[in-house]
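Here's the structure we're looking at; comments come further down.
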Amino acid sequence: MTTDTRDMRNIQEDYSKDINEDIHWAKINEDVLRSMENPRMGYWIAVGVSLFLLSFAVIAEIYQYNTGMGPSNLNWPHMWDLYIATFVFWIGMSHSGTLLSAILHIIKADWRKPIYRFAEAMTTFSLMTAGLFPIIHLGRLWNMYWVIPYYSDRGIWPNFRSPLVWDAFAITTYLTSSALFLFVGMIPDLAICRDNAKGWRKKLYTALSLGWRGDDRQWRNFRKTYLLMACFLIPLAVSVHSIVSADFAMSIMPGWHVTTFPPYFVAGALYSGCAAIITLFILLRYFFRFEEYMTIAILEKTCKLTFAISMVWTYLLFIEFAATWYGPDAVDKELLIGKFTGPYSPLFITMIFLGSILPLTLAFEKFRRNIPMMFVVSLLLNVGMWLERYMIVTPTLSLSYEPFAQNVMWPSWVEWFILLGSFGWFGLLFLVFVKIFPSVSMYEVKEMIFHRRHLANKEIAAVMHRRLDDAEKKPSTTTPEPGLEGA
Amino acid sequence: MSLQNLLQDWSRYRRGREEGGFHNYEHMWGMSIDLNLCIGCNACSVACYAENNLAVVGKDKYEKHQAMHWMRIERYWDEPDLGEGRVSEYQQHGASFLPMNCQQCNAATCEPVCPVAATYHTPDGLNAQVYNRCIGSRYCSNNCPYRLRYFNFYSYYEDSWPEPLNLQLNPDLSVRDKGVMEKCTFCIQRIRVAKDKAQREHRVLQDGEFTTACAQTCPTSAIVFGDMLKMYDPNSTNPSSKVIELWEKHQVELGVTEQEKHNPKIRGYRVLEHLNTDPCIMFLDRVREV
Amino acid sequence: MGLKNINRRGFLKLMGWSGVGATVAGCDMPTTVTLEEGKETVTSYLVPEEYAIPGIGVWYSSTCRQCPAGCGLHGRVREGRILKLEGNPDSPINAGKLCQMGQAGLQGHYNPDRLRTPKVRKDGKLVDITWAEALDLIDQHVGASSGLNGARFAWVSDSVSGHQAMLIDNLMSALGSKNLFIHEVVNSEVARSVNQAVLGDATPRYQIGKAHAILSIGNDFLGTGDSPVHASTEYTEFRSSPRGVLGVVEPKMTLTGANADLWMAIRPGTEGVFALSVANVLATKHKMAIDMLPKAIQTAIMKRNLNEDARLTGVSGNHVIRVAKWLSSNPGRSIVMVGGTAEGQVNGYQNGVAAMVLNVMLGNVGKTIVASHEFPFPQLEHRAGGTAGLLDFVKAIDNGGLDVAFFSGANPVYTAPAALGLKDKLASIPFKVSFTQFDDETSQLADLVLPILSPMEDWATIVPKVQGEEAVISMQQPVMEPLYADTRGLGDIVLDLLKKRDGATYGNYDSYYAYLSQAFASFPANMAADGKAVTWNDALAKGVIAVKTGEKQLKAKLDQVAVALPEENAEYPLTLIPTPRLGLWDGRHANIPWLQEAPDQISKVVWDSWAEIHPNLAKQLGVETGDAIKITSAQGAIDVKVYVFKGIHPDAIAVPLGQGHKGYGRYADGRGVNPLEILDTATVDGTNELALYSTRVKVEKARNKDTLVMMGDHDVQMGRKMVSTVTPDVFELTGGEA
Amino acid sequence: MLATHLYSAGRALDRGASCSASSLLSSTMSRAVALLVVCALLVFGSSGVFAASNKNPLVPNAVPPEGTYDGEDVKQPIEFPHYIHADVNKINCMYCHTYARRSKVAGIPPTGKCMGCHSVIATDKPRIKKLTEYWEKHEPPPWKKVHDVPDFVHFTHEKHLRRFVFDNKGMKVENVSEVCAFCHGEVKKMTVAHKVKPLNMGFCRRCHEANNGPHDCWKCHK
């Protein structure tokens, strides 16, 4: 840690700038690599807490595996409950990374650069968490592989008409793609790590950086691959959550059988993803002292984005209410009334407050710049989003067509433990990630600084562009610009 | 279901959809339940427990609504059709009983959602549940508007049938273990025995030769079970049946969303018919003097 | 036993588990399946039998013993196990149908809590002994050398019939005792004595199917009547086109009430007033002749005032007029039935007479109410009983005491009101023998507990309590080898005891089976209704023998009717209705898990007791469904959760019978409460029956909110077409049911 | 598109809108399914669906199932020599396993049937002496099961015999052992029966396909 940084922290941040353009490039490497070393006490406490939470889930799942689904309080007609709600929640979380890295990449919003890496990691890890839930909720999870089409001697196949099979396809595809995307985007940084690491890390990074030397051809191929993957990932992300919404929309039940579910789910997913980014943004900024990269200005932009998405989500939510209210389906209407007045109404009203009213704070600059407040708000937004999923799943099961089967069910400790454990599992994966992989993209921050620095100076910009054109014509090794030495 | 068979089933299904009717069906089992006769005595339900190896879950699990009642008698106190909800001081017209077992829908909502095709439609017109294929995703139950599918939340075997109660278990069908969905099968084991017997004797299955456990025991004969194929497939060699007679008399038809009746008042309806599930159980309206 | 029987028994023998598997699908964790290759033993027959094919079920006829109705059974046997019971279509009682109790007979037979060895009480504890020792012990107390005084011997039994009843009678007379007490809580003894007095026939047949209008005054004929399944089969005809109309007046909705076109809640004890009120409307409004009635009754009828009566009974005058209209338009085709809550009142006998007045007025006697069959074998006839048997037994203990008491079928320690003090009084009897399948409350106090065969394992002949179109003797035969080697049939035991007393007559029967088959052989050859000879094997195959009966005519004889009103009681304002249930019955089926898990038809409660109260009363008490209340009578108090609904009179509170067992197996033990415990011991005037439904109680709120375990938390249709209800004119569009 | 399709079907309250949610679903889906299925068929088709036919001349109109298995030796109370009875003495399988043609289980012969012959034949052999001992005790020998299928399978001998023997034109009943051998192997060459066929679902399925057996799940699963 240099005295330099300490000084920087004392300086009042310039909110108008996304990033300090004067950071020395070597310092970027230094800061980011530092974040991967010497875990402090706080880190170990976080790991401990994650493991503790995870152990809850492990205990509960072992119990449930041996006993059956009964102890979770699931019943007739509440065949799904927290498991599926939480599954949808985690799938929603996974949309953050895609949004920041793929969508914003394509629309060339370069302020994403310092924060997209961890968001993308979040995508992968929340998918890894989400994927567990459909398995956990199976009554006979040891037979889960029957969902996958494979040639067997018995000559039987899964039912391709079932949205759950689509889920299996969608999740595995999305998981593979987002993991690849995360990995590919990290290659130049892994090379930096390789050059600076010793011991097992050296071996790991050597293997993972795939012989990255940073020459032109590699950069060009890299850019193309990255862009291609981004283009591939965006429709995939949209389709994944649409398919998850199909679990409900394809059914016949009131409150599930809703046409607007796919966009509603996608909006909800981006919403919760963004909120989670704010949370992790603030945590990383604080723990890894990334104030110079994760600046208030970027936080503000993220908050604005979240605000916009929250309003889209709110709009879609009210569209759904209106469609039900003015629609012909009496049962649907009774369900809607039931959501507002029945036993689940406190949760439902809380959800509307947290999902639609609370994000209004994001509209005010004063609040946006208040980091502790944003931290709390982002957490609450995610609580709201989780409640939203819960309120999609449970009231419908409770108040559906058959009046005699209507009853109220509250989850048991088993379900809560597994829910808590999922946060532990996600946290653990994330904590391991930030210590092994650079959680801020070094090369892209450099790019960002480079562009910002030089775009201000038209002449240099012109030179830069010319150079890039030359490089395409005759591939030759050019001496890097001073300051590019690390890349 | 191998690929070849999958294709065969599919083409049979397509043909039925395009030309109407039930092609290459062996039977089309249906039921009629007369709510004028049903006294809500519960005999059918207990007969079902006895016939189908239904687990007794005990008070605690019953309280959590984890019971297994394939045939349940619903009891309602209000009578929307008589315009007398809960206004009067007494329950003047008694209770409204509704025996509900799997409606064996022809367009069953449970079938398309099962990820492993453990529930499917048989050439007998039944909505089958293959226990050993089920992985317990419970989607089918969530998508059943009648809530007639029951899940084995526990392994009930030891608690429900302590020695020697297990000697009573019907060997003609499985005892379901934890994690498996189950539901009324129209007593498939009885159908199987009767079909085997008819085949052995080289003849067609006669109406009334056998019936389901609930219909068999119903003290007021409110439940009538039988083959309805003759109603839809004139080429069928299956004999006509009492069920067909009842469905025709009450002008209720399979495959339609809204029944066309000469007189719209004529009794006979299918529960939640407007959902298009096309159930195979017709209910005859309850009757009360007012 | 003949050779044929040995072979058949061979078939009934348990065949191991060949192809039978207690099959557990999905017990394939994670991928292996349950294969029993090389482990499972497959047992073959010793001698082949043509009809016995492994893997194929064979149906045997027998008779249901779950209640006194005597329905015919078919039992499906495969690999030596009885798997399923169905009604016997040849039986005129149930025509192939069964109620839930009949279906659940299997679980009584296979019950895990069945007693397996004889036990004797030594130092206050029951210890195992052998049958030889047990029979010796009995012989010491009742044998020829015991010097037993017949007057100091008593036998408390449930209702019995057929050869078993005959043997018990013979044993009683051999012992010189007249103390055979038949005790049933669910009974119709008061109505029977009314019938006897008015019609000269205790069990006339009510031809429900032929009636077009039925007024049931407290008679739950579909649920807990004399023959529920028979009534239900007739109900089908009654409700078919032209559809009969059913009015039910009772303080608490029974299964019959739940199916009424018009259900009327009545203040308990005012049923007679209601009946006369209807008679008054019939005479005044519909100008029906009453001159066939005695003068006293005519005055009693004409004295009634509709408005005044409505105030007394709580049944609105409009309803009385409606009922009267139905009845008046169906003279000779209507039935007024009385029973249950109407007869179990202190003035219950007069309520019955008042109802009979209506029947006489309407000309139903001889048309819809016809005489019972003149049964040719009076010694085999059904011995019905009521609570008088219990009271007489207590009286016998009080007057001079008893030396020996036998108990079979009945469980008086559970069914006797605590106020009778039976538990303590039993201690004064030095030797008590209980013949039982289960460790019930009475057996817990007995000195000798002898495990008997279940009805699925034993022989018997049954004469139904109420006969159908034809009078029958119903055959009960074993459908399975005894599960436990150390159990014996009650018939065999009685025969053994008789042999010791009267070796000359009974010495040559080596078993109850031999006795039965020889008794059968000695029947007149032309006893069958169709005049054909009946062979033993035919009788067993068919399950019932329709016997030739004599003709009887009913003749009504009324002299007067005096309907008294129940006394006001300021301290105990409510009347307790201990409701019998089609299910647990009087508590004897509380150990059957299927029946515990089968929801009560009305409240849908399972595995528990509850108290039904009217919303008005609930409001007054400040309770809602699930809350606990305390019901106190002069005799004691019980704590129970409430079920609030509109099917009960606000002055009544109903607690179902059947729960509250102490012991009686794992399924019954310690579950719910027994309302019989807090009953008063008042009797019905004019009879020696307990007035079961007249105990006055008060109620207060007890503990905090609890949950009542019931099927379905929701009982309204929310406007969805679940149960659609139409009026009879719509019904007649299709001419009713085909 | 599919989602809206389904939605409209579910809401189609007029009878003109054909059928139902699930059938509409399949109208679009099943085309896709069929495509998928066809592709899969091309890939995997060769194995199983078009099973190679190795016909047995003694059993017309039948393709014997393929598959081998080596089961464990089962220790029986008496080492019953199947080869003496079925091969040397040419006793028909169904003479002893008499229930096979009438029931789902083939059945173990009643001890009385054994004694029918062995009260006079070969009474001095040790195995027969053992049998006689059981007979005199009025106890059938505790035979152990050799062939079993899982409890959720409904298998009936009767129907298989009808298909391959009684209703099979040109089939001679004397050769029934060839049909038995489909699933039980050459028992007539064995002493104590030994499981030589896998008797698993693949084995059943392939045979059902080759011989046009039913393919409805509920025909065999209970």
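Going by the order they are written in, the chains are A, B, C and D; count residues from 1 in each one.
Going forward, a residue touches a chain if its C-beta (ideal position, glycine included) is under 8 Å from a C-beta of that chain, and two chains touch if they have at least 3 such contacts.
Every value quoted in this text rests on a predicted model; they were computed, and no experiment measured them.
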## Note on the structure
The pair out of B-D and A-C sharing more C-beta contacts is B-D
### Task
Look at all chain centres (mean of CA atoms) and spot the one farthest from the centre of subunit A.
C
### Task
Could you grab the centroid distance between subunit B and subunit C? Build each centroid from C-alpha atoms only and quote it in angstrom.
32
### Query
Hey, how far is the Cα centre of subunit A from the one of subunit C, in Å?
67
### Query
Hey, how far is the Cα centre of subunit A from the one of subunit D, in Å?
54
### Task
Please set out, as single numbers or ranges, the residues of subunit A touching at least two other chains.
140, 143, 155, 157, 161, 250, 252, 401-405, 407
### Query
Using the touch rule from the top of the page, what residues of subunit C touch 2 or more other chains?
19, 21-26, 28, 712, 715-717, 719-720, 722
### Task
Find every residue in subunit B that makes contact with two or more other chains and list them.
1-3, 5-6, 67, 72, 74-76, 98, 109, 112, 131-134, 152, 155, 173-175, 178-180, 272, 275, 277
### Message
Once you draw an edge for every pair of touching chains, what topology comes out, line, ring, star, complete or other?
### Response
complete
#### Entry: subunit A-facing residues of subunit C, complex
26, 29-31, 712-720, 722
### Touching residues on subunit D, where the partner in the complex is subunit B
9-10, 12-15, 17-23, 25-27, 29-30, 33-34, 37-38, 40-41, 44-45, 48-49, 102, 150-152, 154, 156, 158-159, 162, 205, 209, 215-218, 221-222
### Message
Taking the touch rule as given, give the residues of subunit A at its contact with subunit B in the complex, in rising order.
### Response
67-70, 73-80, 134, 137-141, 143-144, 146-147, 155-159, 161-165, 168, 247, 250-253, 397, 400-405, 407, 409
### Task
Under the touch definition given earlier, write down the residues of subunit D that touch subunit A in their complex.
3-4, 6-7, 10-11, 13, 21, 25-26, 29-30, 32-33, 36-37, 40, 43-44, 47-49, 200-202, 205-206, 209
### Residues of subunit B that touch subunit A when the two form their complex
1-3, 5-6, 61, 64-67, 72, 74-76, 98, 100, 109, 112-117, 133-139, 141-143, 145-147, 150-155, 178-181, 272, 275, 277
